[in-house]
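Here subunit A shows up in two complexes: once beside subunit B, once beside subunit C.
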Partner chain A sequence: MSEAKRKFWAFAIVATLVLISVATYAYHEFYLYLSVYLWFGFIYGMCLQYGRFCFSSAFRDLFAVGVPRMAVGIMIAIAFFALVGAFVSATGLSTFHSAPIGLHAVIAGFIFGVGMCFAGGCASGSMYKTGEGNMNAALVVVSISVTQAVFVDIGGWANALVPASWAKSASEKGLPASINVADGWVDQYLAGYVWDQPVLSFATMLGWTDQSVMGAFLGNFLVGVALPGAALLVVVYFFWSRRTFMKKRLAAASARPRLTDELAGYWAMVVASKRTAIAGLALGIAAGLHMYASQGLRVKYGVRNAGPLLERMGFDFGLSVNGTVFDPGYWYVTTQEAQWVGWVFHKLGWNQMDNIFFGFNNGIPNPLINPADWMSIALFGGAAVMALLHNEFKFKKPTLETAIWAIIGGALMGIGSRLGLGCNVGAFFVRVSQGDPSGWVFGIGMVGGAYLGVKFFNWWTERRMARQFAATIT
Partner chain B sequence: MKFEKMSEGHYLLDVKGYVCPHPQLYTKKALERLKPGEMLELQFDNPSSGESIATMCDNTGDEILDRKQEAGLFVWHVRKT
Partner chain C sequence: MRNVLWTIFAIVGGIMGFLMGYATAPMIESGVLTGQGAKRATKIEAGKELEQFYKDLYKER
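After this line comes the complex of A and B, so read on.
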């Protein structure tokens, strides 16, 4: 594609998004709420593509090829999101709520971690790669979405796998009859197990509230993010970065590293990939500002969720039994993609509103007016614009081999997302950044899953390379 | 994935169409099999793999001689040290 064509398409994408924002706002003021999602989604897409920002590679490339760049980039993004988030929390405008913490988060993270290795990218990574023209990544997104919509509504035979204690606890939650909580494995897992787990934050564990200055800055930011994040990077430095740095640095100086050498090495690791570091910084700040903007509009319109806004605009189909729709108020991936498929299934006659995920919590509004969908669509657009401007856009069809990995990986990520109540963004990045310890727990599971996935692909690629090499040298 | 000998001491690794972690893993395994001084022509179209491969070569000391990029296709030449 010529440079002129690439610039034309990049401009066309931006112009389309501007037109959508302006035209819908002219039609009804409440569309501004959706446009906030749209433009932050666009920024996320640009940042992800610019920094090659994939959570999968943060863990996978450490184990597979000893490259720490992405682990560093993610910690930078988390640190800045946490800092901006602390400001937002202290002003009482945070949209974040901690998730229940328990063993389920480790198991969910593990399944998700294996899945993202197989798929070749995490949920957000697969989305930005779709924007680069990678149809293999698009297949991953489809697989995640379909798996979630199917998984959350599995009942019948799967009810026999529900422990009696979950079934009993779920039946005592007083859920509406339309949800039919006795039918559905995920429903009883959520209402009978997950909802019974404690909900914590570092601030509350230390005796503060999340909205207090002490709680937001000392509890959730310093103790919950900055200290463990810096310590993790020290571990990464000593195991994966220090040896190479010292080999170069000490070649012309003293043989024994001093503290200044160690600090220089630590800093060199942090800034080794400028693209990743810059993207991490921008992502972190944008994610914090997104919360601020969303909550500001909620206050302005006098709502706590976009459901009433959609209703006031005349859209009452697909709202949950509580009148709500999925509206996190911050960066999130996977739930809105599940809603696309849930909406289609429902239109085709498969009732998707009798489960907790759609019917009680998130709804299945028309994808055209689903707030978080605007974020995902714009994320594709932002990544495409950045790829076009850097001559990195290429339409790539999957092969049979890569399609199989994509479908398996996407399915595992879909299941992991629903068990963990989020993906690498919602269950890890956002929760860790906002001082929710369940984010770290999900992350531990993801690291374990990524390790297993890398072991598998090490074996797989070694086997294939050995065959090709033997054929080449004979 | 295609790995073949183009001439004496000059090999081709074609991993176009693959996403992470395949390009970086195949590159690592190909370079491990080359003798010092031999060259690998690497073709890939997954941009994020480039970042990892560059850092990996920096760590191992393998030298990236040139990097070409056109329409999403990356062609790099790496000399094994």
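After this line comes the complex of A and C, so read on.
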């Protein structure tokens, strides 16, 4: 694509988004709430593409070829976001809520980790790669979306797999009759198991509140992110980075490394991931400001969720039984992906409002007026603009083999996301950054799953190449 | 291309400035940011009897 064309398309995308914001604001003031999502989504897309922010690539580089650059960059990004998050929490403007913590998060993370390695991209990575014109990544996004919508409504035969204790506990929650909690594996998993698990943060575990300065900065940031993050980087340094660094540094002297050498090596590893770290800093600031802006508009409009705003604008279809829609007020990926497929399924006659995920919590509003969907659509746009300006935009068609892996991997990520109540962003990146220990628990599972996924994929590729080689010889 | 990128940054920055300003005003008005709307902490008054009760707790029987 010529430079002139790339410039044209970059401006065309920005102009379209500006037009949407201005026109909808002129039509009704409440659309500004959706525009907040739209512009932050655009920024997230730009940052993700610039930093090549993909968890799958990070783990593949680390476990397959021993390059820690992107994994380190992601850890730094988490630290930056955590610092901004601490400021937002301490001022009482955070929209974040911790998730229940339990063994389920490890299992969910494991399934997600395997899936992202099979698919060749995590939930956020697949989105920015779609913006770069990678249709294989688009297939991953579709697979994640469809799988989630199907998985959250599986009932019938799957009810037989529900433990009696979950069914009993779920039935005691007093959920509305429209949800029909006795029918649906995920419904009984959520109401009968997940909701019974403790909800914690590092601040509350240390006796502070999340909104206090001590809780936000010492509890959630220092104890919850900075110290474990620095310790993890030490592990990464000793296993994957130290050897190469010392080989170069001590080649001439052939002496034993001193503490200053170790510190220099550690610092060199940290600064090597400059691009991902810069993207992480921008993501962190943007995510913090996103919370701030959402909260400000909630105060202005006198709401705690976008559901009542949509209702006031005349859109009452697809609101949950509580009158709410999915409206996290910060960066999220998978739930809105499930929503757009859930909306399509519902329109085609498959009742999607009788489960907890859609019917009780998130709703399935029309994707055209779904706040979080505006964020995702704009995220594609932001990634596309950045890719166009860096001459990295290219339409890539999937092959049959990569398409199959994309669908399988996407499906596993979809299941993992719903079991873990989020993906690598919602269940790991955001939660860890905000001092929620369940994020680390999901992360442990995700690293385990990614390790297995990378090893399996390597074995599969080598086996296939060996067969092809043997066929060529004979 | 660098100029294009900076132009887009400027457009996005302008829009973000508007959104942040729009979000900040109601928080100042309602006292969320300034703290003017916040309630005073409840003052707990302990009577002399109650104070004596707690002092007596330390006494050995």
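As a working rule, the second predicted complex is superposed on the first by the 460 of 474 C-alpha atoms of A that agree within 3 Å, B and C clash if a C-alpha of one lies under 4 Å from a C-alpha of the other, contacts with A are read in each partner's own complex, and residues count from 1 in each chain.
Following the convention adopted for this analysis, a residue touches a chain if its C-beta (ideal position, glycine included) is under 8 Å from a C-beta of that chain, and two chains touch if they have at least 3 such contacts.
Here the structure is a predicted model, which is why all the values come from computation and not from measurement.
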| item | value |
| --- | --- |
| Subunit B versus subunit C as contact partner of A:Ala293, first or second or both or neither | second |
| Partner chain in contact with A:Asn134 - subunit B first, subunit C second, else both or neither | first |
| Which partner, subunit B or subunit C, touches more subunit A residues | B |
| Subunit B versus subunit C as contact partner of A:Cys117, first or second or both or neither | first |
| First (subunit B), second (subunit C), both or neither touched by A:Ile43 | second |
| Subunit B versus subunit C as contact partner of A:Tyr330, first or second or both or neither | neither |
| Partner chain in contact with A:Arg60 - subunit B first, subunit C second, else both or neither | first |
| Subunit B versus subunit C as contact partner of A:Tyr31, first or second or both or neither | neither |
| Residues of subunit A at both interfaces, subunit B in one complex, subunit C in the other | 391 |
| Residues of subunit C defined as touching subunit A within the complex | 1, 4-5, 8, 11-12, 15-16, 19-20, 22-27, 30, 32-33 |
| Residue numbers on subunit A that touch subunit C, as the complex places them | 3, 6-7, 10-11, 14, 18, 21, 32, 35-36, 39, 42-43, 91-93, 289, 292-297, 299-300, 385, 389-391 |
| Subunit B-facing residues of subunit A, complex | 1, 52, 54, 56-57, 60-61, 64-70, 117, 119-121, 125, 129, 132-134, 136-137, 244, 272-273, 275-276, 387, 391-394, 396-399, 402, 454, 457-458, 461-462, 464-465, 468-469, 472-473 |
| In the complex with subunit A, residue positions of subunit B that touch it | 1-5, 11, 17-22, 24-26, 28-30, 33, 45-48, 50-52, 55-56, 58-59, 69-73 |
